[in-house]
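Chain nomenclature is as follows: A, B, C and D, assigned in order of appearance, with residue numbering initiated at 1 for each chain independently.
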Amino acid sequence: MERSLRNVPVPRSGSGGVMSTNLERRQQLSDPVGRLARMIEIREFEGRVKALFLEGTVSGTTHLCEGQEAVAVGLAAALRPTDPVTCTYRGHGVALALGCTPTAVLGEIMGRSVGLLGGVGGSMHLCDPDVGLLPTFAIVGAGIPVAAGAALTAQVRDRDDVAVAVFGDGATNIGAFHETLNLAAVWRLPVLFVIENNLYGEYTPLPRTTPISDLADRAASYAIPAEIVDGQSLDEVSAAVSRAVARARDGGGPTLLEMKTYRYSGHSRTDTGPYRPDGELEAWSKRDPITLYAESAGLLRELDAIRADVIAQLDAAVAEVKAAPAPPIEAMFRNVVAES
Amino acid sequence: MERSLRNVPVPRSGSGGVMSTNLERRQQLSDPVGRLARMIEIREFEGRVKALFLEGTVSGTTHLCEGQEAVAVGLAAALRPTDPVTCTYRGHGVALALGCTPTAVLGEIMGRSVGLLGGVGGSMHLCDPDVGLLPTFAIVGAGIPVAAGAALTAQVRDRDDVAVAVFGDGATNIGAFHETLNLAAVWRLPVLFVIENNLYGEYTPLPRTTPISDLADRAASYAIPAEIVDGQSLDEVSAAVSRAVARARDGGGPTLLEMKTYRYSGHSRTDTGPYRPDGELEAWSKRDPITLYAESAGLLRELDAIRADVIAQLDAAVAEVKAAPAPPIEAMFRNVVAES
Amino acid sequence: MTKLRMRQAVATALADEMRDDPTVVVLGEDVAEAGGVFKATDGLLAEFGPKRVRDTPISEMGFLGAAVGAAATGLRPVVEIMFGEFLGVALDQLVTEAAKFRYLSAGHYPVPMTVRVSVGAGVGFGAQHSQCLETWCYATPGLKLAVASGPQTAYGLLRAAIRDDDPVVVLEPRRLYPERTEVTTGEAGVIPLGVADVRRTGEDVTLLGLGGTVPTVLDAAEGADGWTAEVIDLRTLLPWDVEAVLDSVRRTRRLVIVEEGPFTGGWGTEVASRVAAELFGVLAAPVVRVTAPDVPVPYAKPLEERYVPGAEYVREQVGELISSGRLPKPWWEAR
Amino acid sequence: MTKLRMRQAVATALADEMRDDPTVVVLGEDVAEAGGVFKATDGLLAEFGPKRVRDTPISEMGFLGAAVGAAATGLRPVVEIMFGEFLGVALDQLVTEAAKFRYLSAGHYPVPMTVRVSVGAGVGFGAQHSQCLETWCYATPGLKLAVASGPQTAYGLLRAAIRDDDPVVVLEPRRLYPERTEVTTGEAGVIPLGVADVRRTGEDVTLLGLGGTVPTVLDAAEGADGWTAEVIDLRTLLPWDVEAVLDSVRRTRRLVIVEEGPFTGGWGTEVASRVAAELFGVLAAPVVRVTAPDVPVPYAKPLEERYVPGAEYVREQVGELISSGRLPKPWWEAR
């Protein structure tokens, strides 16, 4: 008995300071202003990451999610911090939405000791057990079965957690997607499969790799419920997730949710998306999730003030991270295996 | 140009003797008596393999297909010998149907030099390029993408071959199934996916691993046509395969065919199928493919004579194999890499 | 002490851990209702019920990945991979996810998962169901790998693996499942990971076996004529017990490693290269790797029997090494 | 001779083979329209069209398996695996199917398939996109494995791989894609598989590099003080050029192998164990493996830079070996 307690993740201390902690930040999503602010934060955060990458301050790679903010925030708002989430390399937005601080996320992206993993992970590897974020995955599809496993824990240990796997449209063509949806259906696991259908896998548009256009249709192969969701509407995202979560907590098993969304930036690094047809980006920008939500929540007039606030905080975070040291060489030897 | 010719499989010499050659045997399927005789041959062959296994003459493992004869023979009858086929470890029936001689198949199962691979492969590894049989697969699902690749060759080289993957119901839960159907759909490959749905994957009934009962329904995920076929009716199998083959040769792309069938024996080796509900085997036996075909083809009265003939030939084959030597030690070093 | 077949020792270890720790669950194809195709999970469903003992679809990537997620969040799953080769459809979850989860979570999501894998030749299963494949796990920091060599090690290593807070692969040579010996069960039977076992003492040479080659090596030592061998069962390959092996070889000054897989790139290269480097100048003869030839595992019985190194062949190689001081040629080069 | 970046050398090799042989096709994620994420297939779609140059879904098992089937029936597919780790979701098709097809078809269905794989650290891609993973292909009779070390070898080995009648994996260290050197193209530029290349002659030690460590090793030899090194680019790991390495070490009597991956179980164990055994009594010092430490590849720049062995570190290790005759400690043990 005692031994198994070692499995329970140890809460990590927030990066503290005057900023809110990760759990406080999660709590802020219960309020419309908090949700709007978080979407703006993600947008502005990604802009800064792009600039830092282009100036050479961030090395390796980054995958930005501007345009997809409503999915991240709408999802996080409908979950509890104890609900485990797996996500991809395109995870900055989900991490921030779940509550990770900009300092901790940017710190990781820039490989600094203030990062979520102290800088040994990088942009594709974010993690924060306090808010349910399992290590994000750089392998397409790999997080899908892992989320099902987290749901298995809930089922076996009689917890009412619901696990969530967030992944892209392109990931629906990989074997792990198929195997996991089938397994989750057979075992009636409390898990949500959330597709961020942003129309592209890297530089290739969906129709060139996938013979159907509504990926939610694939749920029929596993007899599980599915919904197509307007991924640009935070409220619709939250509502759909809430419905699915309620069913799962109730023993009703898995759900597949297809969020129709769009990424404004290219796939990664310096990609600008030259493969996109003219006007596509503009058309999607007309349904920008931040504007849509500000409108529907009656917050259009507060928008500038909120943005100014967010920017001030982000600028402070950027400064903090830039001033932070890289991890010591020693850090690469930690957490390889259990200390004996 | 010349180099690529090395890719063309070199026809192997049949095992000869008074028996028909593999290509002659394939030709025999154009005749109803030939088809009936072949189904009986498979039934009787498997019975002999089982006995040889139980007496200890066959080592390792065997997977028998009694009850599934109409799928094997109906399929083979609707294909050309140049159409490439991938099949599983449960491949004795398909190999015999395609034309491999009983001596060559049993020789392989018994690890003798007269076997299809000279005895280095065993029961799970049969192969005969003359009749289109690629090496059979011991890994569930592995033959599915390989068949798609054979179809790719046809497409790129402008051949009108149609490739076929034969696999079990259980294999529809593995990633390779999903990935390949999607790929074949996107590329409109001339390939048939043939599910032998015999209701069990090893000792586990389908409903315990799969949340839907008609596996053909999974074709919708890839927007490809599918049919549910009475796998106990040779004529229906042949008709469905012929329709799908015609579409594929015509550039119409892949088809998924679900053959509803049943294996009379257990999964492998000494398994007797104790996990099957009472009466299930008896119910299926009432729709025995051999009897059904003899009836529909008006060959009931010829049945005994045909069987006697088949048995005589099989007994001769068993004797031939038993008398044949094991391969020399040297054989294990052949065909590892190209001889330089 | 009770007499157990290796497959029973596995089932007993599982049951003992499941009784001690309610978070231990068992997953795999046909492990529940059927008790495993090798009967190594027999009786578990009856005792622990369908929540903790689960048959899976044929979806190795799916259920191995589920085990990773379950382990990271509060269970100790034990997964059965029926034949080693099936890891080839699921390796990502083992080496790229599970092995790196602790690192990529700053220690917050360890993966206390055990993966039991049946391996090896000698039972006539052919080229795709007979390999050992230890090297698929090589060069993977974060992963541990133990190999059973009979009922006692199957029991003791498995219990240690389940208790370990990192992902551990336990290979079970399938031709040993029917082997029956006395087994110490309970705490006294648990075998710590990373510790080799000197099975027999001797003077002239250290014979190192792992898994399926341990019985062979003991046999070879037993029948030796003119020399005596210290026999070590390495038991754990990742991490392996460098000190125990060096200690022995420092005394015997000769090392012969017996492996069941192909020569090129086999697991023994790790041990051989390390020992040759650390004991340079101490060794009286080159380190010898007695292995199978570089071919896929052949099916026909006489070929498969020749493929797997046998006790007689080991004795010949050792004898030649000791008498000549030179590297003996393997049988397939002497052909 | 033209100056080419390594990624251009790859594209040129592909184009040259595709012109010579209409059965050569190229498959992979984003290899067609985008010309590859590393631009190593740039221009092929324009010249050879969509029938022969194909973007695939994200389905490594599916398209690698399709390549196996295509190769067995009359094409010579070249598959791009974008990052080495992705083989973890498709390994079965490579090692259990492709590598054994010739054997399991009595020679009738060889698999002349080439798998190009970008590998290695040094570009900040983190723990799941930075490994070399040569050992996943180890102990796999039937498979060949070559590793590019710059534009010329990328060109020459790839052409040989495509022409080879067996499945060949070609690893391309991704941090070398931008490297630009003179390249001999055409027949004269083809490099046979299985043949190592002596890049520099010297007397005191043989430095063996593979892929990404070849530039490091050349650099180390260049700046050596008080000793001279013979530098070998192994070029092919399966099968490796045993004779060339033995020849060199017979002369220098010292061997230092430089690897980019973790110490335990790295590819160098194969070479080290073989050389130590064959040249027992000839070596003047133990064979040294200079490697990365046994940790996942860290992201932060100073850590990643320390992780990958650099020229200076190689020189230190060699210097210590030569002066002391003893095995130098790796930097992480000296910490």
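The criterion applied here is as follows: a contact is a pair of C-beta atoms (placed from the backbone, for glycine too) under 8 Å apart; a residue touches a chain by one contact, two chains touch by 3 or more.
Since the model is a prediction, treat every value here as computed from it, not as a measurement.
Enquirer: Please name the chain that ends up farthest from chain B once chain centres are defined by their CA atoms averaged.
Expert: Relative to chain B, the chain whose C-alpha centre sits farthest away is A.
Enquirer: A-C versus A-D: which interface comes out with more C-beta contact pairs?
Expert: Looking at A-C and A-D side by side, A-C shows more C-beta contacts.
Enquirer: State, to the nearest whole Å, the distance from the C-alpha centre of chain C to the C-alpha centre of chain D.
Expert: Comparing mean C-alpha positions, chain D is 29 Å from chain C.
Enquirer: So, what's the distance in Å between the C-alpha centres of chain C and chain A?
Expert: Going by mean C-alpha positions, chain A sits 39 Å from chain C.
Enquirer: Using CA atom averages as chain centres, what separation in Å is found between chain A and chain D?
Expert: Chain centroid spacing, chain A to chain D, equals 35 Å.
Enquirer: Round to the nearest whole Å and give the separation of the Cα centres of chain A and chain B.
Expert: Taking the average C-alpha coordinate of chain A and of chain B, the gap between them is 46 Å.
Enquirer: Can you tell me which residues of chain D touch two or more of the remaining chains?
Expert: Residues 56-57, 59, 61-62, 85, 88-89, 92, 96, 100, 103-104, 127-128, 141-142, 294-296 of chain D each touch two or more of the other chains.
Enquirer: Which positions in chain A are in touch with at least two other chains?
Expert: Residue numbers touching two or more other chains: 120-121, 125, 137, 139, 173-176, 179, 182, 186, 208-210, 336.
Enquirer: For chain C, which residues are in contact with chain A within the complex?
Expert: My answer: residues 20-23, 25, 51-52, 54, 56-57, 59, 61-77, 89, 92-93, 96-97, 100-110, 112, 141-142, 144, 163-166.
Enquirer: In the complex, go through chain A and note every residue touching chain D.
Expert: Counting only chain A, the residues touching chain D are 59-61, 111-112, 119-125, 137-141, 170-171, 173-176, 201-204, 208-210, 275, 326-327, 329-333, 336.
Enquirer: Would you tell me which residues of chain A are touching chain C in their complex?
Expert: Those residues of chain A that touch chain C are 1, 3-4, 6-10, 12, 84, 86, 116-118, 120-121, 125, 127, 129, 134-135, 137, 139, 142, 144-157, 163, 175-176, 179-180, 182-183, 186-187, 334-338.
Enquirer: Considering the complex alone, what residue numbers of chain C touch chain B?
Expert: Where chain C meets chain B, its residues are 29-30, 33-34, 37, 55-62, 85-86, 88-89, 123-129, 293-296, 298-303, 306-307, 332, 335.
Enquirer: Could you list, by residue number, the parts of chain C that touch chain D in their complex?
Expert: 61, 85, 88-89, 91-92, 95-96, 99-100, 103-104, 127-128, 131, 133, 135-136, 138-142, 238-239, 261-262, 264-270, 272-274, 276-278, 280, 283, 285-289, 294-296, 326-327
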